[in-house]
Every structure is written in structure tokens, then in C-alpha cells.
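Across the two complexes that follow, chain A remains constant while its partner is chain B and subsequently chain C.
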Partner chain A sequence: MSAIMERFTGSGRFSLPVSLKTREAIAAYTFLAPFLIFFAIFFVRATIASVEMSFYDWRLLRPTRPYIGLQNYLELFDDPIWWSSVVHTLYFTAMTVVGTSVVGLAAALAVTRPIHGRGFFRVLLYIPQLMSVGAVGLIWNWLWSGQFGVINYLLSFFGVRPINWLGEPDLVLPVLSFTTIWWTFGFPMLIYIAGIQGIPEHLYEAARIDGASGWQSFRYITLPLLRPTILFVTVTGVIGHFQVFGQPYIITGGGGPGRSSWTVIIYLYQQAWVAFRMGFGAAVAVVIAIIMAIITTFQFKIISRPVEY
Partner chain B sequence: MLKRFGLIAGTVVLVTVMLMVSMSMGTVQAQEQPTATPPTVGTGATHISFWNGLTGSDGVTLIEMLGKFAEENPDISVTVEMIAWNTLYQKLQTAFVAGTYPEVFLLHASEIPQYASYGVLRDLGDQYTSGGGWLPDDDLSETTMSGLVWDGKIYGIPLDNHGRGLWINIDMFEAAGISTDYTQAPTTYEGWVELFQKLTLDANGNNALSPDFDPENVVQWGYTVGEWPNVNFLAALYQHGGSFLSEDGKTITVNSEAGMTALQQTYDLVYKYHVSPPPAGFDTWQGFGAGTVAVLPTGTWYRNQSLLQTDINSMAWPNWQWGPNKATWFGIHTFMVPAGLEDPVKLDAVLRMIRWVSEHQVDWAASGQVPARLSAQAALDPENYPSNILLGKTFSEYGIQDPRTTVTQELLSLLDAGLQEALNNIKPLDQALNDAAALMQEALDRAG
Partner chain C sequence: MSIAQLRHSTFFRYFGVYVFLLVLSAFVLFPLVIAVSQSFMTNQEVNRWPPRVIPVEPTIESYRLVLTQQDVRLDLWLRNSVVAATGYTIAVLLICSPAAYAFARLNFPGNKPLFAFLLATIMIPGQVTLIPNYLLMRDLKWLDTFNALIFPGAANVFGVFLLRQFFMQVPRELEEAAVLDGAGYFGRFWHVILPLSTNALTALGIFVFLGHFNDLFWPIIVTSSLQTRTLPVGLSIIQSSYAGQYRPMILAGAVLSTLPVLIVYSIFQRRIIQGVTLTGMGGR
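Moving on to the complex of A and B:
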């Protein structure tokens, strides 16, 4: 008791027997606590449960859940449908990440120029990003329709016969990627705008004095200094687009034709929620998480060199 | 520093308390002002929850019927939750795991083996006269009754038979010089091909029998294979003497010679005779509604759409016959009760509701489906319910149902993907069917 009392100064203020750094850390963790608690309950616990579940033959309603070790993983790696789903996903992700990055950067460059109505165009270009995947899916299902689609209708003016956009296995993934780029390029655009505005103006002034062209300024100033921004956009893009589900599921009606637009998440969905094989589905989820971690680490390694202004 | 720390801690506590209060207030408000969806019918003190997948116009009919039930049973209220079928399957399984399942639900009878094998269904045999109950066993067709039994017990009370038939565009038939009398319909595959050829027109008005026909520029299709291919395949499979499973239920037999014939016939309609578009990317209902399809292979549930769309003059025909035997697919919407429902008051309310609906099945015909009870079928007005009567007879006489296994949905999903691969030229027919059969066999073996 006396030790506690000694911590009161003569002015009556309470003084913790810890350093300033520790006290600031306590304050920081106090603020972080609500998030960490939710994170622990709904993410860490769920992740551990998923890993555990992946070692069992776990049917949702079946009373018995026998332990089967790595059997789910071995079956997964032996399934050609899984590997084709991986290929579809990588193909889609590559197209879409490149597409959203390029279109987002182009849009950002356009709307950071001193033009009239700049704010209006920024909002206009960002609006598709605000739509739900359900709305996007239904709208583009109609637009791409081989029967009544507006796209085929417009192409007919150029003598193009109706194309079965969603019925051709070779066309369906590019079509879905195009749709996704239209839908999601707004977020990279916003990030690029912030990145471009962070580049010191005097660098461009110096380049102009040295006679640099617009392209040279972009190639040797804007692009190198946007490297961290590009990293962020590609990493978040890969993470997001690798988990694509709604677009193929809604626009093609389940990942068709056949399994031509099955992605790894559709594969997971089929196993966990059509076949109700929760253990196998958990194994799929674990493998997807590992793949994404590898890709993200790889991206960091090749792009994250330090940038100096 | 103490002041600053106190401010921080106080802010965190205040925010936390405000969040908790606002969340609890939200809960209270939610309890005080129940949302209109899902609808609750009646105001009785005994409240039961009823889940089903009747999200179409049939759901409207059901709500109307339950409204009358509630008027006659003022002590009961029913919350009716209508969920798309695929989502319902998922939600129901998770609800059973969590112990939050409804007091009664409606599923397809083909789900009985799965749920019954997990022990979550109540044996409803005591509701039938053979078990001392009120529902006469002989008021159901043998084909219907066969779908309700698993391991010698009856786990469901059937609401309807819903299944396959054809909806034909009368004006197109008349323009092609084809009788709309279904008794004049072909009874062979070749006869049906010729009928579809007469109804398929290119942009120059040539039908598919004409040497000048341009298959690349079709403006009116005689048929469409894209409407739910797996049930069409099943009908053709059985018509050719095939079956889904071996007699002992342990072997997938869809890739038999009969299965290959059924698939080849379907494929030829698209790529040899050019009377149907490839299935992927073709909306069959939209095609029929827009007047670009002459024969729509769909179900009893199309009745109300047919009545609504007055610019298309249509009528129902029995399903086609491509093989030597008659067969058409049908399913059974079936009331099921959880085995865990032990509250005698709620159980009594559930069984009263099921009985009331069963005894008023004539009203259910307004949904387009065929009442399951033969007495209700016999009581239907031919003027108002011609399609229900016509197709109902086919289900009773030669209807076939989905395979009865504990993994039926998984099997059908695998079959569907295989059929899509074949009919969209992704794989050769034999490879597509054999691959699908192999995957289905694996699923069946896993189920044990």
C-alpha cells in the first residue's frame, strides 16, 4: 500500500512507474484493443479452426468427423479441376490487375491535369466502384448477352454477327476481366491521384528546364516515383482479384460454360457449399491463402525498392 | 501525463459504451418493429417458423393459402421465410448445426435421403392412414410415394408434383402447319427433329428442312436445349432404358449406351440439325418470351408466366419422347419436420398447418404446380388448370425423379457441368459424360 501511495507526488497527481515510451504504447494498444479483439475472435480463431478442419473428413451435418490427416490436400493436388481453376484465376487476375492499373493510372493522369470539371470527372470515373457485384453482374449479363445484348447490337452496325460472349470458353475470361476492370479501376485511380500529387512539382520544373518531353517526364519522374503506389495497387489488386467469385458466378450463371470460368473461390464454394465437404473446403481455403501469401511476398521483393525524392 | 492518459482512457471507455448502447438500442428497436420480410401470417400466440424456396409466383399462392389457414386457426401464427433453393440448402444445414432450424420446412423429396440419413428429420408415417393418421396412402401416386420413403420410413408430406413439360408457341405451330393437338405429337426422335426443323427459321424465312436454310443466321429456333439440361438428359436416359444408378444404388450408370444416345440426340439438335442454340449464354425463357423459340422445354411452374405474357399465345404439351419408353422428370415439394422439434404445442401447430394445406391442395394449383394428392388433381377445373391436369397425369403415369442418394445435389451439379461441357463443345461427348460419371462415382463412394 505504501508503495502505491509513494507514487503520488506532492501535488496529488498519480505517476505510473513506467517510462513515457511504455505509457504511449499502453495508450496505443488501448486504442487498438477493440480491433485486436475482433481480429482475434473473427479472424485468428477462424483461421486456426479452418486449418484444423482441413485435416478432417468434415461434412456439415454428418455426426462423425474422422481425422484423415493430409488426405484432403492430397486429393486437392490430384484434382485437375482444381488446377484448371488455378489457371483460370491466375489468367483473370493477371489481365485484371494489369488492366485496372493501366486504366486507373491513365484516368488519374487525366484528372490531375488542370481541366474544367476535374472534380466532376473524378466522381464520374469512380462511380462504378460503388456498385455492388450483384448489380454489376446483372447489368453486364444483359450487355454481353448473345441474344439481346447491347454490345452485339452496336457491333451489328459494323457488320459483326452476334457473338456468344458468355458461351465461348476462350472468350469468357477476357469478357469477365473487361467487366471487372470497368467496375474496379476507380480505386487504383484514387490511389494514383494521391501518389501523383505527392510528387514534388520542382522535379517536373527542372525536367522542363532541361528540355524533357511530357513522355520523358512521365517515364523518368512520374513512373519511378510512383513505384510504391504501383506496389500498393498491384498487391491489393492481386489479393482482391484472386478471390473473384461474384462476376463469373452471376454473369455466367455459375462459372460456365462448363467450368470455363471456374475460379479457385468458385471451386471452394462448390466443395464447401454444394457438396458440403467442409473439411475439403477448408483445405482449399488454406492453399489459396498460401498461394496469395507467396504471390504478395514475391511482389514486395521485386517492386519494393526504396524511393527517394 | 495523467490528465492525457485519463483523457485517452476515458475516450475509449466512452466510445465503447456508446457503441454498446447504440447496438443494444438497435436490438430493442428491431424487436419492437419487426421487418415486413419475412412475412408473418396470423397473430396467434403459438408461433412457428416455416422455411421454403418458393421465391416465385408460387410463393404468393402459398402466402394466400396460409392467410386462410391463420383465419381458421387464430391461435397460430406462421413466419414464412422464402429463400432461393440453393441458399436454402446451405442455410438449413448450418441452422441444424447451430440449432436454429425452423419448426417446418419445404424441400424437394430428393433431399430426404440426405437429411434422413443424418437423423434430423421426423418420421411422419403416423400422419398417413397406414400409420393411423389422416392422409390416405392411396391418395398419392406410386411415383410420388416412392420419393417420400427412406429406409422404410415416410419422412415427408407432399405438397405437389412439379416437373417437365413443353410450352409451345401456338402461332408458330399454326404458321408451320403443325397441329397443336398434343395427341398428334411425334413419338420418335426423328419425328421430333422434323417438327423442330419445321419450326426453325432463318432470316430469309427458310425452315431447317429447306436446302437454302442458313444455320448461321437463325431468327426463330424450333427448340432450346439450354433449359435445365440435366433433367432433360434424365428423361431421355430413361426413355432409352438407361438409369442414373445401378439397382444396388452404388454405381453411376449415366454413361451407359443409353446415356450416350441421350446426349448425342441432344447434341445433334444443336450442331447437326441446327434447331437449337448452344445452351451457354442463351436465356430460354427470354427467348420464348421474345418470340424466338417455338418449343420451350420447361415445367409446370411456367403456367403463370404463360398467363401473364399475353402477347405470346402458348399452351402446354407433355414432354417429348425420343426413346422407346415414356419418361419425364418431376420433383415433389415436400413438407418436412425437424426431429428435434419436441415442443408439443408447436408440433401440433406444425402438423395442423401441414394437414390444412394438404387438404386445400386444389388452391395450390394456382401456383402452376400439380397438387400431389390424386383427389385434388381430380378436382381441378379443366378450364383454369389444363396444364396442371395434363402434366400431372404424365408425372403419375411415367414420372421419374432425381436419384435417391445422400449426395444428390452434388451428383446433379457434376452431371450438369459435364453436360455443359459436351453441349458447348468443350469436350467430346463420350469424354464429357465419362469424366462426369467418374467424378460422380467418386462423390458417391465418398458418401459411403
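Moving on to the complex of A and C:
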């Protein structure tokens, strides 16, 4: 015991307080080393390289890589296909984030009522979220089929004539959004459940005593107290859905009809891995990153505002 | 039961809630039921109007076809996905947990600024690293190997952030007791912190695994041969090459590829459901 005391008080043979501090720092950086090495190679280096590459006309199949300054960016900003891809992505993201948030919140409100089987419904409603976009794409591509699709069959009972869902440029983004809402509303649902369960029960009791209706307690208790949760769901939803790739890649055959479901990531994929324009692709990636950083910063600004009641 | 009692029973009170949940469940299950049911049909039975929901003469022909095509290797792709996602999950846990321990418990110059820097990089989306990392994989001759699927994303900032939060909640007294027993930094991390954080490690592991298992973009660009494809990439290939030929085969592929996930889910459902709110991750 006294030996240990000595080590801590520094009355031993070495001047321990200083070396203990150093030893802790050495230990800390040993623990950090694997992470920092991987992070430096695959994130820091790659991010810097991407910015650098964006100033070169770097094509995979050509030996020379001339420096061209801002040419890649100018070409990108001049490309109507790029701008339409941006518009498609924003349109898709807006519809999908609102859709998943609303369906997720409604589902969360329902399964937090004191009813039998609520645990069962939670598990059941989360199933689509666990599927791969591959399986989701294969199934929904067939459901939306204009010729023999079951969705057209269901609608025919309401007198709707068959619609060529995946062949209509104006319909294809809502169709992909609807599919994505089916696939991903489970995550917001579970986050909302946690948020709802965090609201103190006595607030509702007080409201009931004051004669508040169900709608009033929802409007004046649940909704305001869920604001941080709603914002979390919105931020993660925007980041996630802005990167949409698999749904157009599989369901509309890579962004069809024509280019009407090209998203920014499909555009990036086309430039870098179909046309093999690595320098131009790097410029696309940098611009996508900047757009997402702006959207995220904007949302964090809203989040960090104090909650008002 | 009198009318008054009926009115006060939960079923009557929450009748609307039940109706809503049943409609929502039907919405969720409908595509899956159609996929399973029509996968037992022949191509002729699927390509008809009005569509049939129940097969008149159920057949497993589509399953036989999807399992015997030369260029469709569901078993191999499933194995690849499991191996790559397992390797990736182990790599993330091995790399992130010591880093998280250092940030949570050790005093060293640069702790706060380094952590703040890592948090700030969350703002920079991963797309910006895709092309340089792809070229690095090519230069390392890692294209079309599991290395390309496992290592580039292993330094997961979010994992460090999450584990740090949990490690900070472990009472310091437990670590101090270990110090008195002569444990060094590694001993405290390995014998005190990690065993007390199995919930967090499992939850992070499950979601890192699922996210990798379901990923499509990176596997598409770094794998090219039939032998190294992952399941989602393989499915996208079946879609593009067989959709016009034999539709029930596609549905059989979707069903077969979803089954393992559903089996795992039915075993770990409680952990998965709880893990979502614990980690803020959704499985993709």
C-alpha cells in the first residue's frame, strides 16, 4: 500500500508527477493511433485530394492531367443536367423528409397509446427499414409496373385508369419518394417514440384537469416538447435522403425515364464511373459537400435556438 | 359486458388507433405479401391483367431458376455481404473504442481541440472522399477485394462520439479500484470500461453491420466480378438483366435476400428497436 501511495505522492525515486502525465499522454496517443491513422488516410487526405483533383482535367483513361483552374466548376455550373439533378434531389428530399416525418410521428403517437399489441406493431412497422435498397427496388419496380402492376390494379377499383408510373417524367420523383417513405419511416417512428416517452405524464394530467381536448394536449404539449426531436429527425432525414442513389439506380434503371430521376449522386456516379472523368467528378463531389454543409449548418442554427413554449 | 363497460374498455376507447395501426400495417406488409405470393407463380401467371394475388398453381420454378443461373450467385453474394460487413464491424469497434476511451478518460495535450475537430468533420459529407479513395484502392490493388469494402470507412467518427458518451458514464471509482489492483491504462480499458459498455458496443455493432450490409454505392464502384459482389449489388444486376425475362425470379431473389435479415431481426428485435434510440442510427 505504501508503495502505491509513494507513486501517487511522488516521494519515490523518480520525480513521478511529471512522468505520470507524460505516460498518460503516451498511452492516450497509443489508444488514438489506429483511429487517427485511418482517419488521416481515408478522410483528411481524401478530402484534400478531392479539392486538388477538381482543378485538373483528370480522366481515368488518359495519361496527361493538365491543370485547368476553375474550368471543371465553370462547366458544372453551365450544365443544365446538373441543375436539373439538383432540383430533382431537393424535390425528392423535401417530399420524403416531410412524408417520413408525418407517417413516423402518426405511427409513434399510435403505438405509445396504452393499447394491447403496441410492442408487436413497433416491431412490425420497422421491418422495411431493415431491408436493403436492392430488395426494396426489385419489389417496388414491379408494384409500380404500368402494365401488370398491383398498384394500378388497386387504383382501378377507384376508377383510376392504368398509369405508367415509371415512364412519366412528372410522376417518377413522387413515385420514388412514396417508395422511400414506405422504406424508411420506421427510423423517425422510433425516435419519436423515445421523444414522446420523455414527456412527463403529469403535464397531460394537468391539461386534462383543465379540460383540454386530446387535440389541444397534442397541439400545446406534445408538439412543442417534441420540437428538438422533430428537428433531429429532419436534419438526419435531409442528410440521408439528399444522398439518394439506390432507388433511382434500381427502380428507374439509373435515373430514367430520360434523366428525369437523376439525382446529384447519380450525376456524380455518371461523371466519375461511367464517363471516367475523375477531375470533373471531384468538382461535383466538392460542390455536393458544400451544398450539404450549408443545409446542415442552416438546420443546426434552427436547432440551437432555444425552445419556446 | 354492459354498454358502459364496453365504452370504457381500452379496445373501444382506442378503436380509431387500432384502425389506423391496422391500415398502416397493411401498407407495410402489402408489398412483401405480393412479392412472396407472386414469387410462387410462373412468368405467364404474373404477366396478366388483372393481376393475381394468390397463385392458382404454386410453383417453386422461380426459386430453382434464381438459384441455378450462371450469373446469379445469391449464396455467394450473401456470404460476401456477411463477411465484408462482419470484417467492417470488427474493424470499427477495434479502431473506435480505444480512441473513444482516450477522449473520455485520459488527460493529454490536444484532447479537446482534437475532439472538436473530429466533430466538425461530421459536417463534411463522405461523398467528397469517394474519388480519391477509389483511386487509392486501385493503386493498392485493392479493387474487387474485401479490403476495399472493410477499411476505407473503418475510422467512424460517429462511433467514437457515441462510445465516448457511454464510456464517460462508467463510474470513475471502478477504474480507480482497478488502478489499486495494479491495472495499467490498457487493463482499465479492457477489463473495466469495455465489459461495462457491452450494450453500447452491441448496439453500435448492430447498426454498423446493417448499414454496411445494405450499402450499395461503394460496393458498386469497388467490386466488379461476380465473385466479390455483395448482395445489394447482385440484386441490382438481377433487376437489370432479368426483369424483362422472368419476373417471378426477381421477386424470388428479393424474398431470399430479405429472409436472413428478417430471421436475425426476429431474434434480436428488442435489441435492435432499443438500439435505434440508444445510438440514433437506423440500420442504413
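We adopt the following convention: the second predicted complex is superposed on the first by the 267 of 309 C-alpha atoms of A that agree within 3 Å, B and C clash if a C-alpha of one lies under 4 Å from a C-alpha of the other, contacts with A are read in each partner's own complex, and residues count from 1 in each chain.
Keep in mind that, in the parts below, a contact is a pair of C-beta atoms (placed from the backbone, for glycine too) under 8 Å apart; a residue touches a chain by one contact, two chains touch by 3 or more.
Given the structure is predicted, the values throughout are model-derived calculations rather than measurements.
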Partner chain(s) touched by A:Gly167 [first = chain B, second = chain C, both, neither]: first
Of chain C and chain B, partner touching more chain A residues: C
Contacts of A:Ser156 with chain B and chain C, given as first, second, both or neither: second
Touching partner for A:Phe31 - first (chain B), second (chain C), both, neither: both
First (chain B), second (chain C), both or neither touched by A:Ala275: first
Which superposed partner A:Phe148 touches (first chain B, second chain C, both, neither): both
First, second, both or neither for A:Pro114, with chain B first and chain C second: second
Contacts of A:Pro63 with chain B and chain C, given as first, second, both or neither: first
Touched partner set for A:Gln129, first chain B, second chain C, both or neither: second
First, second, both or neither for A:Ile239, with chain B first and chain C second: second
Shared contact residues on chain A - chain B and chain C: 27, 31, 34, 147-148, 273
Residues of chain B defined as touching chain A within the complex: 1-2, 5, 8-9, 12, 16, 86, 90, 93-94, 96-97, 114-115, 118-120, 216-217, 278-283, 286-287, 290, 292, 407, 409-410, 413, 417, 420-421, 424, 426-427, 443, 446
Residues of chain A defined as touching chain B within the complex: 13-16, 20, 23, 26-27, 30-31, 33-34, 60-63, 144-148, 161, 164-169, 252, 256-260, 270, 273-277
In the complex, chain C residues that touch chain A: 10-11, 14, 17-18, 20-21, 24-25, 27-29, 31-32, 34-35, 38, 46-51, 53, 94-96, 98-99, 101-103, 106-109, 111, 114, 118, 121, 123-125, 127-136, 151-155, 157, 160, 180, 184-186, 189, 210, 213-214, 216-217, 220-221, 231-236, 238-240, 243, 247, 250-251, 253-254, 257-258, 261-262, 265, 269, 272-273, 276-277, 280, 282-284
Of all residues in chain A, those that touch chain C in their complex: 4, 21, 24-25, 27-29, 31-32, 34-36, 38-39, 41-43, 45-47, 49-51, 53, 103, 106-107, 110-111, 113-116, 121-135, 137-143, 147-150, 153, 156, 182, 184, 186-187, 190-191, 193-194, 232, 236, 239-240, 243, 245-246, 249-250, 253, 265, 268-269, 272-273, 278, 281-282, 285-286, 288-289, 292-293, 296-297
